[in-house]
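Chain naming follows the written order as A, B, C and D, and within any one chain the residues start at number 1.
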């Protein structure tokens, strides 16, 4: 006999919401309840998510606690600043999985500096592959899903923090879906196709403190992060190139093998193979490869992730599984859609 | 208690083979056996299919009857001309699902004209949504999987053959994976990105007689097909624009609603919605919409399909399900990976 | 001694305006004067046209007759409905080249049906390669630049109108820049990359009557047009597949060779070569190839054009050259930017 | 009265050769002579360069000294290892511009380590924007055109070498045309579209010593380079993210303004603007922007270049201009083809 988990998605008209529903439609234990939106409330879901045929007759409702109440799990795919109030109204028996940023940072000062306003507090951080995090997620009623760049950057560097100096450099090439459905000229197809561009340069991207928080927690000392995101002409995927000065001739590969040997979703590729984003498209896998630049004694790690899947919605489902005591991999896959 | 179906894939290094394995990895009743290739025999599968992590330790074997024997189902994803000989050696108890062209055409003359050489005979045609075809597939031991263009074009026009004149015009925009992994200069990324081009113009594409065969069979009279394929800068997907002169003011929409009301994979979209290829990416769905150009009294049907999924490998799995008496939709989905 | 032509561009923030300026920066006889916009007036041009470095210090002004007056040539790259009033205020000594639709259709009824409102009258039609059009453009003070689809479709079929039946079918695959910088969700990079979609299906696109007008004028009888535009994942370029029933065994190729033998921009490719949109990117060339489907006795013509160049801004420059008595090819090229 | 320069291109079937011809067709002082190739000798040029319509009737000849002799300038766009022998046979009165790697490195040890075999000696290095280089190119009979990555990386960092520590980190996102027309599976459109991947990771790319050579020469001390190239789904363009530890609070922006104030092709963008590769597509411009990460006191420079234009063929034309005493900017533009 199987338990059926009734879920709701707030923010179902966006890319993260759509990906949550795509994954949850394939989850054996989930029944999809209310789907809500803000300005699109009242619309057919199909207008915003034409790929979700099994939900073709669903309409978007308003994002209110009344609508969201009565589900076992509520996924929030909202702009930051909204989740604390909603979560409070839902009560402690509901599992709330927040894909937004509100509860990721543990430092209130960091929150105020990077996002502005008052810190809503931190929730268990949904990256179970980091040391110690999985236990905090088992049975959790609140989960903060990591940012997409912090997911891939943290997993790429965490096994090495004991072997490197205190500063890392991350340049991460991302597809455009990470920017959501914002109607900005620079996100138009005509602008992005055939073009690459950097943004948030010089340490200005809000994911910077989150990466630093993760690596510093693992290291037990402050790890500074130089982070530059680059937009590339693809819808999905992040390829992160992460490097750092090595302290000595430690066996880097061994550290990664050990760290991820038992992880279902993080794969260190065999030597000679390099990650590509289309190999993980739609999947919950992270593909990693490591190299040492012997001339500089510098570690270079390349990691690929689907920003919408393991980078957001896949992680959310993984965390729901942990929170509810389901198999961690239920409804998730390591098989990408390629080519 | 479930049956476990042991399958083999010949041609596992190519795009069709990769897609078969992607789908079969998610099929609840399937166990993946031998994987074979021609020039890549001996390689790690991962070298050719970096997205299939659960098979990361598998090696490709030679494509021989010895290797393929002993499986319940053998999928052939080979260049045309090879399947008859292999099938013969495998015996009648093995279900052979041929993704190649060898057994699609019923006319030996057509075969010789379009492909050259001697006709290997026709097998049950794997498009169960065409009238009468599903029954022929239930329990079949041999299946000819349709070509990708014939699949989408035939489904787009079959419900209308009673309402139209005898000639149809199909212009189908396709992603490049339909051309396989052939190392041709015009398939290089540098050439295809940012560019559209037609090929096989003037009725020269081999899928032309197959479309005509399907529509003529449904119509009970010869339907002539003007078919032009256009390569567009995307990896997957076909968008077919199909038109024909209407005989009279028949209710076209009703004909399509009736034809596909009970089909799990073919979806006539609600009015006002139009198919896009990314809405069906990776899925077994066909999305359709119909319009009538009142000035010309001309029917225009637009249909989207994933050429590798429902256009090839998804159809192959669907046919295996029918052949074995499994639920037709097992291991298949109508949910695309978008955006 | 050379004449210097002082030009202004109204609508300089958009794609057509940007392409006009790109071409005019390379025109030996042109000096660039006022650049105007609507909601972007006051902005640095660089904000909207980051590729126009030589104009990096220019600011956009308001689109008013006062600003535009005092130039020899004024290019209008505005939404339809605005050009008649502006042209009237500029006086007859100024050459006004309208990239919008206002003055393309000769039939007031067609205008009202397809665009609504009152017809502003027709201007000399800027497609000099059509029979009789070039003469009307020499010395003209007003020019209506054709739509991008009508340009490529008319040039693809005009030489054949005497050889075909009265109905043509055009399916034209276009890049997204044809839709301009409109901030619509379906034009976001995340939506268009990897996807093809049709729009204006069933004879609903406004370029339909313009194509019919052109072909009918050349034929001296009504040519009906079934036109379907398809959006493909590329910024620029149109590939049109145009077909029609042939009346008899006329030598189609000869008709095209004769029609375009002396045209500087329209190139019938050698047999065996097929047009691709990247071969004409940024150029004023139209590449054509013809085929006859012998089974159906049907003509199929494939034509490639850059929608922003020969499809809009290049044609506008070509027409300016004709209007002013400059060499027709000044500032224009048949060399595409490929790959 | 103008001088006419008669040029030949060896390697005219490839991407660099095609781009050279595209640019030279627009050069006011150039007449295009022999075009040669290796395995494609005898083919119509149009087969390999369908965008070069003015040369549509040209055929490729064999790459021999006999064919190349008798031109004022010979451009070599060949795999490395071939240029020394050809140049020797051409004599000292011919200007030889080598787009290959043979004569870029000054250190014979570096050559042997990175390319293997014996060093053919170094030629004047074709990056006139580096301190001291322009003078060496004026009147030169031999020019080594820089690699595409070294061009953009060196220009991005050279003005700062006095302000930074001794190690720089460069992650450069590149279009696929940089890899040439090699028929490799990973360069197929189906593989590259929608995907990003790194290669030459860990200091393995041959452009690494060239970047280090350039920066070290400017700095007067050894600058170590961590370089990672990333392939992105676009045909052209490189976006380099370059960073280094700052020594102190020097005014970085001022250093860049000063360095490039009089350069026609290198543009430091106004504050608030960031480079994109499509803004420089087809042009000889380099767009730069600088930022300082105050938390880390780290300089981050982002630079965009067209790898085929300023990154290869444009630089070659620029160097030819300098060698012959023509205006440095003849036949070149800072206007990109966008969107």
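In this section, contacts are C-beta pairs under 8 Å (C-beta built on N, C-alpha and C of every residue); 3 or more make two chains touch, one makes a residue touch a chain.
On a predicted model such as this, the values are computed, not experimentally measured, just so you know.
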{"item": "Maximum centroid distance from subunit A, chain identifier (CA atoms)", "value": "C"}
{"item": "Copies subunit D and subunit A - interface residue numbers shared by over half, same or different", "value": "same"}
{"item": "Separation of mean Cα positions, subunit D and subunit A [Å, integer]", "value": "38"}
{"item": "Subunit A and subunit C: spacing of chain centres that average the CA atoms, whole Å", "value": "45"}
{"item": "Sequence positions of subunit B contacting 2 or more other chains", "value": "15, 175, 177, 188, 190-191, 193-194, 233-236, 276, 278-279, 281, 338-339"}
{"item": "Subunit C residues within the subunit B interface of the complex", "value": "167, 169, 171, 173, 175, 188, 190-191, 193-199, 201-204, 224, 226, 228, 230, 232-237, 239, 241, 243, 274-279, 281, 289, 291-296, 298, 300, 302, 304, 338-339"}
{"item": "Subunit A-touching residues of subunit B, taken from the complex the two chains share", "value": "15, 18, 22, 25-26, 44, 46-47, 49-54, 56, 177, 193-194, 235-236, 267, 269-270, 273, 276, 278-283, 285, 287, 333-339"}
{"item": "Subunit C-touching residues of subunit A, taken from the complex the two chains share", "value": "15, 48, 175-177, 179, 181, 183-185, 187-194, 233-235"}
